[in-house]
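Heads up, there are several structures right after this.
Each of the two complexes below includes chain A, the first together with chain B, the second together with chain C.
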Partner chain A sequence: MISSELDIPQAVLGGNRLALARLITQIENGTPEGYDALRRLFSHTGKAHLVGITGAPGTGKSSLVNQLAHFYRNPTPGMTPARVGIVAVDPSSPFSGGAILGDRVRMRDLAGDPGVFIRSMASRGSLGGLAAATSGVVQALDAAGFDVILIETVGAGQAEVEIARLAHTTLVVEAPGLGDDIQAIKAGILEIADILVINKADRPGVENTERALRNMLQLAHPLRRDFLSPADAVHHTDLVHKAIPSPGDEPNIWSPPVLRTVATEGIGIQELHSSIQNHRKHLSESGEWQRREQSRMETELSMIVQERLMRRWRDGLPAGRYQSVLEAVYMRQISPWQAADRLITGDEP
Partner chain B sequence: MVERKIRVIVAKPGLDGHDRGAKVVARALRDAGMEVIYTGLRQTPEMIAEAALQEDVDAVGLSILSGAHMALVPRVLELLRANGQQHVKVFIGGIIPDEDIPRLLESGVAGVYGPGTPTDTIIRDIRLSVSASNADAQ
Partner chain C sequence: MISSELDIPQAVLGGNRLALARLITQIENGTPEGYDALRRLFSHTGKAHLVGITGAPGTGKSSLVNQLAHFYRNPTPGMTPARVGIVAVDPSSPFSGGAILGDRVRMRDLAGDPGVFIRSMASRGSLGGLAAATSGVVQALDAAGFDVILIETVGAGQAEVEIARLAHTTLVVEAPGLGDDIQAIKAGILEIADILVINKADRPGVENTERALRNMLQLAHPLRRDFLSPADAVHHTDLVHKAIPSPGDEPNIWSPPVLRTVATEGIGIQELHSSIQNHRKHLSESGEWQRREQSRMETELSMIVQERLMRRWRDGLPAGRYQSVLEAVYMRQISPWQAADRLITGDEP
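And now, the complex of A and B:
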């Protein structure tokens, strides 16, 4: 046990790994100590480059994270090694609430390196590919001084749009042979890609996969990306496509590169790394970095406010009120909209 | 506030072959509502202690079939202590000769389970020892 006198935020800033691990647990568990620590650490965040890695199960996300982190630690001569934080999210069982978190199995090459910190997280009922606490955990790693934070999503293969909200740079990982006409690849997931990676390029069918991806990309990729602010979003996963400028109009358009890798052998990793660095450069030069930060904070604030208001409102309801209104909906006496009116305004329309 | 989940590492130190038993235990713990960090085969004591620290686990389960337990287990315990993680409970599963069990328990291992131990027993023991150590910490 960490002795109770230890000032965790202070220790985290000083590089104490045990304190960092403990803080992450507090954040995951939503304890008052965790919120208090994040409050104190918040002004130390905002320096790290947040890189998301998403894609269908088994496409090689963890293997890529392993290789990328290894490259950040041991870059080409002349480059300074970056400190790398890793957050790997796996699904919680909807039945037991337990989870098997297996991403570390592929990250053996990082063992023993004090410049790397790997944390596995269970999704704990959250559906968007991350856990509700992931953003707080990322803030903790950021405050602890990790230069790059690699975030591996659950990998449902669906539009895991939350990662695109959280990360500065999102990699979407595909692999040959997963339904080769790419019916499997939904346009939604291409939309969030800043970089497309075809991993397992040693497998047959890689040309088909690449051709199909490039074709879809021409159609799917937004020329500009703005998240709807949650306040006006009908559905919080919608991306707005601004009036589409023709490519010549806007000097700073990023078109997502399609890269091939063999993560098990480290092939294509250097190129992937430079592509990530290019994207980072693009973000800062185009002002997009700022915009993404703002949009992320807006989402985060709005979610916190929603959650708090919801809780406060629930706490203020007379006992049994919610249940009785719900009952009326079950019985089809009133519609859910009427029910909401009743609950919120107290009227009985 | 979310309930506190028990987090456990299941690891297979040493060089012997398969991890079938470890996977069965991992699944049983998951089904009992625990978060299991599965680290796979051929883990060194250093890797296990480091993962235990980063993952802030309550318990470590080691599956050992090779007969190397008297070398591996004390080393894991020593590294956990050196990390400031003396509160982490260590459980051993696998083929452990009867005469070694008392020594392992004396050295600080929380439980030793031979082949065929019902997973319910392991789950119960982990829950008990983790809640006892949390109570101590209060």
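And now, the complex of A and C:
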């Protein structure tokens, strides 16, 4: 039990897991207490390495995340174990409670380790709400001293792109045997990948998958303008047929490596971990770490402003006003645009 | 050429396709002219049947949409051909220009038919922007007198759910041979399905797919509270083991049918068309048509208000103010929440 007088931010900074769990629930529910706590914790954030993991269902992302967490906890001799937070987000399940089951399966592996904290989140309402809540939960874990936060999302749509924007390092997970047109649609998601992982690499077709990914990378890479200096940002068709520079050629350009893993057997996990560490080093040395942090903070500020403006507007409407304007729209007497004008400026309908 | 003095809304109502194309571009670009035109056209909307088609890549949605459009244009003798608008939305491609290619492929089939209008849309910025633009484009087609508007989206995530909310009738397309865990994740999307289509039904495994869908429907259906009267809205576990009522048992309950098609050969298209017409009839008779229209208008109003409030707020900020508050966040001197307070209330940082 946590007494209701407990100072939650203080307790979170002191390593109290129950306080952290309660704070995360407050953030998910969007309560004022949650936001107050995040406000007080903000100056303690900015230390954790945020690693996003995304990919289609069936690629074995959850096993990969579990194995990575294990490796961070039990690294090769001489390395310090990192404290690991895991946030599993399922934007494609606005209705079902599948995230909970995920938690239980993970718990069997990682339960009881005080250096690991796991939380699953399913979409409750709008996508914007989920992205904001995920960002808040990640900040809570960051303030609580977790060194690495693994943010797992399912799928390859706009939702995952939004959530990937939170991360410093984004892993895109594939598996052999996906159809050609599934590959084709991934062109967009490839462009946010810092590291490509072919999991289930003991399956037939792994060479085809790797070749397809490398071909697509070659097309996608020149569009990643955030990694190019302004002078390099020429029209991308000029670059399509050039080889991607290998890491080390140019300190400010990162070439996403393509790695093979078999997560269920622990194969390739050490190499993946090294690659993540390399990317972290690249981010710091190129100044990209700071740019991503700033871009993340700006996105977050924008989401908060949006939510505040909407709430303030709703609270400021006279009782019944919204409904009466809406009725006029229902009757097609006025358009939604005119209704918005009236509801914002306060003119009588 | 359209002269710049042309009254676009007038021309759209008069059936001018170039004016319609120009209006749609204005809506996509979010120009004031586009919104002015939609305002004037709004009282002419509300007649079209909006049919959403969603499903994973590789299920053959585009072929199905083309075949449906053909059938609406060339129905069985005695039926009046309908004018068909097609809006293909790809929320998973924020970067690539794939939508354009889609247009060209379709054009080969349906080009030159003045009763068909096709437009592809790719996500340009935020998801909210895409949903708003799609809604505007659909209204333009509705006002232009298209009787049926097929809204095709790729995928099964939150983005598709948002866009499906525009539709009166939502088709979810599956295909045999998708993996078990792909099926599992679709539980959410099934709950928005009015009609389930197993396309490519000549492929092996069609029986398994149909069985899996029927099983999932039985789980998903009781959660569709919008189709239940308040008295029926008991806890869903009470209903899980009951059979789904067959159509006709209860006029206010729609049981999503599961249909098989082979779109490339035109097989099952007539039955699918009948099923869509049945659903339309059900919507009218149960009052659900009106409820969906109203819910759609309310969502749209809310999106417009949100966008207006953000724009008005940005325009009202003194020059340099946003940047200076943002810098304080970058330095972690203030949290994004405090920054939002300052930017909204105007207090000095």
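Here is the rule we go by: the second predicted complex is superposed on the first by the 248 of 349 C-alpha atoms of A that agree within 3 Å, B and C clash if a C-alpha of one lies under 4 Å from a C-alpha of the other, contacts with A are read in each partner's own complex, and residues count from 1 in each chain.
As a working rule, a residue touches a chain if its C-beta (ideal position, glycine included) is under 8 Å from a C-beta of that chain, and two chains touch if they have at least 3 such contacts.
It should be emphasised that the depicted structure is a prediction, and the values quoted were computed from it without experimental measurement.
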| item | value |
| --- | --- |
| Which superposed partner A:28 touches (first chain B, second chain C, both, neither) | first |
| Contacts of A:57 with chain B and chain C, given as first, second, both or neither | second |
| Which superposed partner A:291 touches (first chain B, second chain C, both, neither) | neither |
| Partner chain(s) touched by A:273 [first = chain B, second = chain C, both, neither] | neither |
| Which of chain B and chain C A:73 touches, first, second, both or neither | neither |
| First (chain B), second (chain C), both or neither touched by A:310 | second |
| First (chain B), second (chain C), both or neither touched by A:112 | first |
| More chain A residues in contact - chain B or chain C | C |
| Overlapping contact positions on chain A, where the chain C interface meets the chain B interface | 92-93, 95-96, 98 |
| Chain B residues within the chain A interface of the complex | 1-5, 7, 26-27, 29-40, 44, 46-47, 50-51, 53-56, 83-85, 87, 133, 136-137 |
| Chain B partner contacts - residues on chain A that touch it in the complex | 1-2, 17-18, 21-22, 24-25, 28-32, 92-93, 95-102, 104-105, 108, 111-112, 117-120, 122, 124 |
| In the complex, chain C residues that touch chain A | 35, 38-39, 42-43, 45-46, 56-58, 91-96, 98, 123, 127-128, 130, 154-162, 179, 181-182, 184-185, 187-189, 191, 220, 223, 293-294, 297-298, 300-301, 304-306, 308-310, 312-313, 326, 329-330, 332-341, 343-344 |
